[in-house]
Each structure stands twice: as structure tokens, then as C-alpha cells.
């Protein structure tokens, strides 16, 4: 039904998880004041997304066929466990990175983008490969949106912004303009 | 004393500590489902149900839930209520359920709900917890409704599907698209900032007047 | 449960933790299963009714339908649908005479995937109707693919061989051509493309015209047999 390049580009640009589906807004608005943290968080999130897509497919194919109503709880358990595991991994491999990321690692658990990914992939009936490609596109798209906003915010630190608009209001308006820009990607795959 | 206490918990969520406009929580579902007033209200009611139900249970069992596993327990409770809400909506209003789509299960990831359990319900008795939940969820519903109404009126020329303006109204389509969500919320927050600035200025003037005489 | 003391109060035992989670999980499971079972009849009825309405829209004149699954190389009457199996719906009129197939299809549109259902009469090789089941096209522009009643109506008696072609508005010449929607070219062409692609998949699977599976009137218990 959906071919792989379409799935990837759609998740990355045309239907970007943050700018089109409004998923992952907490970190988007909260973390994006630093370019470096944003990139790191994006990468970690992408990894969690890949693992989640994998587990979701396994669950959907073998377990949840018999008990579809347990889907939500199973997904959450998988996501929470994956994040816990990654936390331990990073702590062991690179304590410096662990300290730098601080509170943001456990916050990936409540990142609606990951749960959203699992639910969307399930609803669209994606198979194994499609799920992986989708997670890749979504994760990179998320990172892209985060990095873009972070870059813009860092720039704006140096400008003279009226007190009235500073803060979340400004971030939202910038996000709105970014979202409009991304709307231009629609129709990328038209064969007309 | 008790009565005004719980009343205070109730109304603080609606204006002073409004979860969306002041605390800026629960963003994810907000922008996605507010492209029309009916969707916004449906989502607000579903969240209301989940928040009040979860707060009630969490507060009732707060003495039995060990600290180490409290977050997991909260999430299990919340997820159960969300699943119940999901199936109930699907059975009663399938059309609305289709519009809200995947965002109903995503109520689980709404940081506001988990946040309330952690910050309040797990530490206070049932009546206060429920009052707080009703207030927060009410504020959330109000915020969702205002966002949804603005976007629908500007972007579709209608409210709850009822056309407000005549044939010649050219709808501002971008409002019901994603950018519209970001921009509307941004502008509303702008107003809140303005209010706050004015209020601070006023208070500063009063303080100065009192000092200077 | 209060944070304590400087005296070392040992935390709750692991057993207690596991037990708490297990009990929470158990109660949660019971509640979820309960709501699932109690809403299942309504939900199933809703879904069936939606499907019926869509099928009746794309196949004018039908009042009865059944699901036809492509299984082991042929089209059989079946209520169940296996995981990788695909199905179409047979539409029959009041007397049980076959009218046409309602075939579901999906594919990328302008913004996101478009899902649709189209009615097909095999004897005359004509598309009888089209209904968009799901789309996220641009409001005011792309969403005309289901809001423009006239355009949707132009899918009746549309020849499918050779494949349908969307042409510029007003230049429709042959029976397999259809006007594209001005301002929604890509969305409308996507609809046409989806129908063509779906049809090329299904045309080999459908039986010879005239030998369609008859309507099984009694409560279908699994597979029906073809005469």
C-alpha cells in the first residue's frame, strides 16, 4: 500500500511529527534553547522510537491479536522500559553525557511522539520494515524540528525582543511559522 | 475554613493556575484536536474524566502505594481510564472518535495528568484532590474550547458546525491547519503575558504610591 | 509512607513492590476487559453499519451485501478475514441478483494517505461510484474530493478500460475520462490513480463476469461454496 520512500519522507517532512501532528511538544518548547542538547535529545528519541517500533510490531503480530484492549498499557510499558535501559546504558558508557542530559532522559518517556508513533504504526498496519523506516523518518523529523527551533532561539537571544512576547509565546509563533514552511513539502510525492 | 479551602482548589485550576495558559502543560493534544470546537470539547471531556477518575483513585490509595513504584502505578491507573474513555467514545460517538483518532490514547502522555498525581493527588486527601482535579480539568476544557472556537470561527466560519457568517465569508483556512494551532496559542499566551505585565505595573504603582505618599 | 526519619526505616520489601504493581495491573486488566466486552456489540454494529452505508453509496440499487475474501487463488464468501488477506464486497439487489463489487483502495494523496471505496460492475467494466473513506487533504481545496458532490457523482458510469484518466476541466472526451478538480489537481488525480492501481491488482483475482459468488442468504457460517 504505502511504499517505503513515501513513508520515510512523509514522516520526516510532509507530516512532520512535531510541526504537523503536534507530538513531542513538551521537549520541543522546553529543551530547544540549546542547539547541542536538542541534537542529543533528538538522537536519543530516535533510538527509542526505533526500538519502540520494533517492539510494537512484535506485540501487534504475536500478542495483541488476542487482546487488542491491552495495547495501550503494553506500549507504555515498552517505552518506559526502553528509556530506563537507555539511561543505564548512557550512564555506563559516558557519565559526562549522562550528566549533560540530566532530567531530559526520563522525560522521553512522556514524549507523546513515541507513543504516537506506536499507535500510528499500528493503525496503519505497518509491517516490520515499514515500521522501522517510519520510526527513522519520524525520529529524524523530530530532531530536525527541534534543531531548527533551537537554532532560531539561540539567534534571537542576541536580538532585542520586547518583553511582552518573550518566552513561550514567541516560541509558539516561531513554531507556527516553521509549520507553515513545512506545509510547502506537501505534494512532494505527487505523480501528477 | 475547609469549605473555602476546597473551593480555592477548585477555581485555581480555571484561571490562576490554568494548566494550559499558565503552566503550559498538556500541549500535545491541545493543538491537534482544537481544529474545531466539537473536537476540542470532546477531548476536554475525555481528559476531564481521566483526570478526575485518576485523582480520585490515586488519592484514595495514596497510603498503600509504595514510593518506589508510584509513577508506574499512576501510569497504570491513568492508562486504564484512558482505555475506558477510548472504547466508550468509540461506542457512543464514532464520528467524533474518528476525528480525534490516535489522540485519545495519547491522553496518557499528557504531562498535566501525571503531573497532578505526582504533585497533588498523592499527597492530599480525597476531597481536596478531586476538587483540584475538577478545577484543572475544567481549566483545561475551557482552554481547549477557546482555542477550538477561535480556530473554527476564523478557519471555517462556523461554530459547532453551525455557519456563522454568510456565503461571502472567506475562511482563514490556515487557522484549522497545524500552523494555525501554534499561532493561536501563541497569541493567546501573548495576551496572558500582557495581562500579567499590566497587573505587575499596577501593583508596582500602588506600592510606590503607598511608599511615596 | 511519610518520608522519614533519620532512623533507618527500611523501604518496603521487593515483594510488596511487586505485589502492588501486580494488584494494580490485575484491577486495571479487569476494568479494561469489562469495558471492552460491554462496548463490543455497539462498536461492531457501528462499523458494520458504516460499511453498509459506504457500499450502498458506491453501488446504486443494492440492498444486500457480503464480504468476499481472496483466499487460495479464488474469491470466496467469508465473514472472517485473515491477517494478510484482502477482501472486496459483493453487492446484490433485493432479489439477490449480483450488481457489482465494492472495492476498497488506498494510496498517497497530496497531504497524506487517501482511503476510498469504489463500485465496479464487471460485465460492463464500469465504475459505478466512489466514496472517500478517509483523507487529510487540505481543507477548502483538496477536501473537495469528498465535498464536491458533483465531482463525486461523475464517478458513475465511468469506464475503467483502458485506465481512468483525469483531464483538465471541460476537456472530457472519452468514457474513461474524468474532470480533475480545479485547485485540487493533485488530490483528484490521486483518487484516480488509487482506483487504477487498486483495480489492476484486483482485476486478475475477480472471477469471470457472470460467475460471481451468489448471495448466501442464511446466516453465513464461514466459507460459502461457489456453484
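Labels A, B and C are assigned to the chains in the order they are written; within every chain, residues are numbered from 1.
Heads up, the rule we're going with is that a residue touches a chain if its C-beta (ideal position, glycine included) is under 8 Å from a C-beta of that chain, and two chains touch if they have at least 3 such contacts.
Please read these numbers as outputs of a predicted model, since none were measured by experiment.
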item	value
Per-chain Cα centre nearest the global Cα centre, belonging to chain	A
Between A-B and B-C, the pair with more C-beta contacts	A-B
Far-end chain from subunit C, centres as C-alpha averages	B
CA centroid of subunit A to CA centroid of subunit C, Å	29
Chain centre separation (subunit B, subunit C; CA means) in Å	34
Subunit A-subunit B separation of Cα centroids, rounded to whole Å	22
Subunit C, residues touching no fewer than two other chains	28, 32, 35-36, 138
Junction residues of subunit A, two or more chains touched	69, 73
Set of subunit B residues in contact with two or more other chains	72, 76, 79-80, 83, 87, 177
Complex contact set, residues of subunit C against subunit B	1, 11-12, 16-17, 20-21, 24-25, 27-28, 31-32, 35-36, 39, 42-43, 46, 50, 138-141
Parts of subunit B lying in touch with subunit A, wherever the complex brings them together	24, 27-32, 72, 75-76, 79-80, 82-83, 86-87, 101-102, 105-106, 108-111, 114, 174, 177-183, 185-187, 189-190, 193-194, 197
Parts of subunit C lying in touch with subunit A, wherever the complex brings them together	28-29, 32-33, 35-36, 83, 106-108, 110-113, 138, 185-186, 189-190, 193
In the complex, subunit A residues that touch subunit C	1-2, 6, 10, 14-15, 65, 68-70, 73, 124, 186-187, 189-192
Contact set on subunit B toward subunit C in their complex	62-69, 72-73, 76-77, 79-80, 83-84, 87-88, 90-92, 94, 155-156, 171, 173, 176-177
